[in-house]
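First chain written, first letter: the chains are A, B, C, D, E and F, and each begins at residue 1.
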Amino acid sequence: MKTSILLASIVATLSGNAPEPAADGKLRIICFGAHPDDCEIQVGGVAAMWAAKGHHVKLVSVTNGDIGHWREAGGPLARRRKAEAERADQILGVTCEVLDIHDGELLPTVENRRLITRLIREWKADIVMSPRPNDYHPDHRYTGVLVQDAAYMVTVPFFCPDVPYLKSNPVFLYYPDSFQKPNPFQPDVAVAIDSVIQKKLDALDGMESQFYEGGANGSAELVPNDPAKQQERHRQVRGFFEKRYQDQAQRFRSKLAEYYGHEKAGSIKYAEAFEICEYGRHPDQNELRKLFPFFGE
Amino acid sequence: MKTSILLASIVATLSGNAPEPAADGKLRIICFGAHPDDCEIQVGGVAAMWAAKGHHVKLVSVTNGDIGHWREAGGPLARRRKAEAERADQILGVTCEVLDIHDGELLPTVENRRLITRLIREWKADIVMSPRPNDYHPDHRYTGVLVQDAAYMVTVPFFCPDVPYLKSNPVFLYYPDSFQKPNPFQPDVAVAIDSVIQKKLDALDGMESQFYEGGANGSAELVPNDPAKQQERHRQVRGFFEKRYQDQAQRFRSKLAEYYGHEKAGSIKYAEAFEICEYGRHPDQNELRKLFPFFGE
Amino acid sequence: MKTSILLASIVATLSGNAPEPAADGKLRIICFGAHPDDCEIQVGGVAAMWAAKGHHVKLVSVTNGDIGHWREAGGPLARRRKAEAERADQILGVTCEVLDIHDGELLPTVENRRLITRLIREWKADIVMSPRPNDYHPDHRYTGVLVQDAAYMVTVPFFCPDVPYLKSNPVFLYYPDSFQKPNPFQPDVAVAIDSVIQKKLDALDGMESQFYEGGANGSAELVPNDPAKQQERHRQVRGFFEKRYQDQAQRFRSKLAEYYGHEKAGSIKYAEAFEICEYGRHPDQNELRKLFPFFGE
Amino acid sequence: MKTSILLASIVATLSGNAPEPAADGKLRIICFGAHPDDCEIQVGGVAAMWAAKGHHVKLVSVTNGDIGHWREAGGPLARRRKAEAERADQILGVTCEVLDIHDGELLPTVENRRLITRLIREWKADIVMSPRPNDYHPDHRYTGVLVQDAAYMVTVPFFCPDVPYLKSNPVFLYYPDSFQKPNPFQPDVAVAIDSVIQKKLDALDGMESQFYEGGANGSAELVPNDPAKQQERHRQVRGFFEKRYQDQAQRFRSKLAEYYGHEKAGSIKYAEAFEICEYGRHPDQNELRKLFPFFGE
Amino acid sequence: MKTSILLASIVATLSGNAPEPAADGKLRIICFGAHPDDCEIQVGGVAAMWAAKGHHVKLVSVTNGDIGHWREAGGPLARRRKAEAERADQILGVTCEVLDIHDGELLPTVENRRLITRLIREWKADIVMSPRPNDYHPDHRYTGVLVQDAAYMVTVPFFCPDVPYLKSNPVFLYYPDSFQKPNPFQPDVAVAIDSVIQKKLDALDGMESQFYEGGANGSAELVPNDPAKQQERHRQVRGFFEKRYQDQAQRFRSKLAEYYGHEKAGSIKYAEAFEICEYGRHPDQNELRKLFPFFGE
Amino acid sequence: MKTSILLASIVATLSGNAPEPAADGKLRIICFGAHPDDCEIQVGGVAAMWAAKGHHVKLVSVTNGDIGHWREAGGPLARRRKAEAERADQILGVTCEVLDIHDGELLPTVENRRLITRLIREWKADIVMSPRPNDYHPDHRYTGVLVQDAAYMVTVPFFCPDVPYLKSNPVFLYYPDSFQKPNPFQPDVAVAIDSVIQKKLDALDGMESQFYEGGANGSAELVPNDPAKQQERHRQVRGFFEKRYQDQAQRFRSKLAEYYGHEKAGSIKYAEAFEICEYGRHPDQNELRKLFPFFGE
């Protein structure tokens, strides 16, 4: 009964009905990563697939990535990485935003919570994505905490009263990682990205400061002058990521099978996967199939 | 051997003897919730039972609830919610305190740690209750963190030297929630609240801004003008909570059986349950039976 | 292939090769504790064993311990506890540092993250140790968080550009504790400290403000005037710790067996054990045997 | 010589040439007030005059005014006050922005410094206005500090590298106040607002929550039900402000004379006046006459 | 006209009428000092005179003074200094409060602003006193800033809605100091304390940790064992302060003359003096004579 | 009488005797600037003169200058500017320290207060220099505030108990600036730097990122490729600074006359000047002549 659902906000917002579809009938997805490349790595495939169907996807880097390189740093690097993210997101067909917060210094303050809350609301998000709060980089962890801290608050009218609140708590999803403690990533949905793998590799290959040049842990030897070696280096980058999504297809094969059937799942080469965050709306598989409208293809 | 117990504070304070009983032989319980209604929801039944036996119970809302409504907010709402909490706590027979911290903005600062520490000490608490640090609302989580951060510190004489320290670390208990990650709520004690269920429903029903009107996720349609519909709405509120504590009796049936015996446990209709926090004193079931003197009835 | 390892920093830093040995061929270990005694309790044995072989060990207390006593506090206590730590660390043959941060007030700020990062870098650490982020004292927990937050960042050149970065992420290890939630301590390596147990007991026995006098939870009755009783008290302190490390040998017996073989492990009387933190480099047992060069003896 | 001017930034930015005029040849002015009404009170007249000539004026309230009333508060008040400011600014012909920062809680943090810096840059301001850092309300003082802290920084390319920096430090001006310590307000320019006084009174009269109803220090007696009394109350509000700007004309008569000549100045009935902040560009009277293109009329 | 006064809060609160007298017809004064002795030094004489007439005076130390000694520190010193302040204030006949904030670490946070606001409101103060924001000790300066930041806010109903606001902004007064920049202390009222000078010296002499022992800049040589030297030391302390208030009578002689007439002023030996803070209500000399009802005697 | 001096710390520390000379009979001076060049600009001449006489001078940049350039920023710029400061300070013969705090983000936190306090203590400073708290750049202002906040605290034993306190409050001096509000710079001592002007120009000329290249407000046109133009640019830099110190000699001529006599003062070409901060020890001219042992030459 609907009224009793409204009694206690947690019930209303965690188990409630999905929101009315947007005016244009399209889904609205916003994804948070700590640095300008994290979203692209984690959800670049599905993002491109949503975009191709006309759904609205925004990738947000919560920091500006201004220490993410072995040779450059500060504002000039921040600008370079933003430009790379914009180029990559153009390839993927999605909207790009890079917040100007120092890389390596993100904290779960109330100011940042408001920032995230406003971005989710302004995007009128049906789906919100983020890293889990346990990951190897403090910015990843605190991005996870901040998005958790914005979950539910996006539905509270007088938190950030300057931005219209969401009537329905979005579905919040985590990206996969390999950490086991205190608990491992558990996929709730897995999606084949075979149809867009080249597009995703193009997007990532173009983020040169981070991948081709090796990012914070790179070095001069990664940046050859010889054009043949340069080409070889590009092939390495693409190969590295190609293998990563192959490994993910392997790792999440049984979850793929739930959505695609065993046979089809067996032939999937590249995959992305996501885990439901308990603090957003709790979708059942039925709703997930609507949010990820790719399984019947 | 007592002296060796005193060697390492963790041993002394986590496994140590229970404190001397208070001068009046009564228990002293302090419960923290994030908003003016959280304590009442989670421990209103047992609180009323303790109070009825002359034990001293205090319910503290760590924020003032000033965004917890769909139409009102700010100071006027804070005052309304405080008044509602005071009325509810009067029904339950317990002491009420609402801290003036903005709803939705609670952080685990050292200042707030001191605030919680002083409240626990001033109440000379035997038992301290709080939400777990994993729950859907950031204020709930940080209330959990703050109470954890005050555990043990309440026994350190020169932390907050202005308030007499506790010679014995209280037993810290968590309220139940339904979240599974990183680990689910595990009940250590469950109590039948059948004898006070009407009193608890009266208390909750009177917190109109939060339940009758639907709180932050409510709406105008929940507040009818028609007296018949108003009565109906009140019935809904009571029915919602009645079901909640029935569900809890069902969920924690086996724990009830440990304390009441299987037969009696089978007939319990409404229950509250709590989990021991590892950072407070570790009571055995024997001590828990003294702290919850309800099982022999 | 090395270049592909360099592609993604997490791969590079979490699974990468161990660093080149230091110029003198010796290991470099830095251990963080919340208070001036935590490192000594947790790793005093192995520290002394490393030191005896010429390896470089530093024990850092992240707070100054200035409320860790029942009678004294503030700057005078901070100085006393630092002097005690220095004396203890001299007995163990290791370097001592006590940071001047108020006891009971440690927070995971970016400033403190930098402080920890610099200490790890300046020590050119191969191994970094800390408590887990779940422990009974907030300072312990936040020490754990701070060291986690410095892990990986120690390898980022332009985080703290004033201090040379580490080319290789160290192995980060946790001390044992008895807490079960959200997940219990799981030993990855256990070491017999029988050969240095008396040295360790000497070191701890000399930290009188904390153990002999009972620290924050002590009392005047622990500090007798009668020389015979004083000697008895010293025996109690030593006995308490002797038992603690016996218990650890018992608790971690199967892990000892992995490293020493069953027979030898069975005769080990005193032990220390450590768990690998997932955010540092992931050593295999082979590397662990090099980092803990004690098993063939 | 231009190059030597570039040597030391302070010389370059404090005494440098005025910037190139904007593409449309119009001036760009941004004014900061602490609450939604402060800008309108202080510069509403000149703002309307600039706007009438096609110059670009933006009025920014740094807090949302959410405690600025005797009966209402929180988000609902914030929304009401924003709506009132928007209506008033529409009357004045200027752009309106109200930041969502709690009234009474503004602090000169680096986050807020960035916020102000970005607003100034995005507006490509020639003139920036604010209260002095000594005024009776803490939000006024800290608005003054924040704007001071943004002065000069707006010209530093890699402070907020996400927003194009200003090549020339704007002229920063203070609003008048009556405080004498540590030093009194000293007018550097005074402007007759006789031509727009009715427009300004209309704008202020429409900010009912603050003036008609009395704001934070008002009371129910100010809000009569009797339409005749309501009209009377509106007349009071207008009369109060009419007198205020008359008093200012009187107070700054000699400064008016500098700009208008003695005779014309003598007949000016209403005025606004401003003091040059030393931390912005230092305009001479010649430049001021260009920035305030009203004196030849 | 009263209604127009209500229009703009600054007019209402800075020039408004004095509040209605308290129910018992007595004045209510609250004085803030940075450390447990600052109020006693600055206003101990007038405080005793008010108290003797039945007026209500409270002296608040904003920090606990826990580093204000050359030998002791921390919680034990905080307790000692609080006890000394209580004893001194008992001699003066006034109420004592010492806040538990670390000495040397006071900052003008919003939390502290609320704390000061609540204390002023709860005391229903007619007069509030503090150091100026320019003084030699950072705690003095920030005490001055905090009290300034609470001025006016005490009249805003929904700042700290948990404590009834003041209908009238109190008169805020500064203590004298000798600093010249940016502007020197200017007395607005000066009061003879000849009638209570012995009581004041008794109060100060009893604050042994600070004066007899020399406080933070004292040394062992100030604390003789020889009873004759001890007596001598007490005489020194009293003599030092006696001279201080003689010097003040001399320094503020002309202001004394304004209130007492030239002849009487000439014979005054000991004085205290105060400057009106511009951010509180602006009393005229007439109101000052009511607030300091000592001049007709 | 010395003991009475010890009674009140302010008297003791603000008017007290100068400290015992250091073991080597030399003066110890520490100077704080906001960026790596501020100290060199303000006190490079006198610093070199002290150094030439064997006195110990340390120049500290409180931020790392990592946004102080129009093309570069972040860690790489921080390293470049530190290297430049070290080279300049080597030319001057003084010790260099650059703190790793982000340029443009300095705040007067307690952590930074401790940092400054420790540096002053560790240098055992007789003289401490800083900008005034009113200057055009927020980092300059907050450097001024931080040094003020450390004044006196350097003498309090249990503030930063880990570093030996100073028995005597140093003399604190401000650098000159041209700002008039709230009060202008007033020289208390002025020193001819004619003997070291070339050395100072060499030092400044070598700080190429800041002067030759124009710092934050520079541009590519300042950095010619043509060696002849490069030389010309170097001449401009030197000429700019030569004129600056000539202007200072002119501005402070009358103060120079006080120290050198009118005749000699008239021939001084280049000067530096300083104002006494009221929060440090108050030296008379006699003491100033000892601290600046240059006037008899």
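In the analysis below, a residue touches a chain if its C-beta (ideal position, glycine included) is under 8 Å from a C-beta of that chain, and two chains touch if they have at least 3 such contacts.
These figures come from a predicted structure and were not determined experimentally.
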item: Both-way neighbours, i.e. chains that touch subunit F and touch subunit A; value: C, D
item: Chain pair among B-D, D-F or A-F whose interface repeats that of D-E, sharing over half of the contact pairs by residue number; value: D-F
item: Chain copies touching (subunit A, subunit D) - same or different residues, decided at half shared; value: same
item: Geometric centre distance via CA averages, subunit E-subunit A, whole Å; value: 58
item: Distance from subunit E to subunit C - Cα centre to Cα centre, in angstrom; value: 50
item: Rounded Å distance, subunit B centre to subunit E centre (Cα mean); value: 42
item: For subunit F, residues that touch 2 or more chains besides their own; value: 66-67, 73-76, 157-158, 161, 182-183
item: Chains that touch, pairwise; value: A-B, A-C, A-D, A-F, B-C, B-D, B-E, C-E, C-F, D-E, D-F, E-F
item: Subunit A contact footprint on subunit F (complex, rising order); value: 66-67, 71-77, 102
item: Subunit C-facing residues of subunit F, complex; value: 64, 66, 74-76, 78-79, 82, 98, 100, 111, 114, 157-158, 160-163
item: Residues of subunit B defined as touching subunit A within the complex; value: 41, 66-70, 73-74, 104-105, 107, 136-138, 141, 179-183, 211, 214-219, 222, 233, 236-237, 239-241, 244
item: Residue numbers on subunit B that touch subunit C, as the complex places them; value: 1, 3-4, 6-10, 12-14, 109-110, 113, 148-149, 151-153, 155-159, 161, 182-183, 278-279
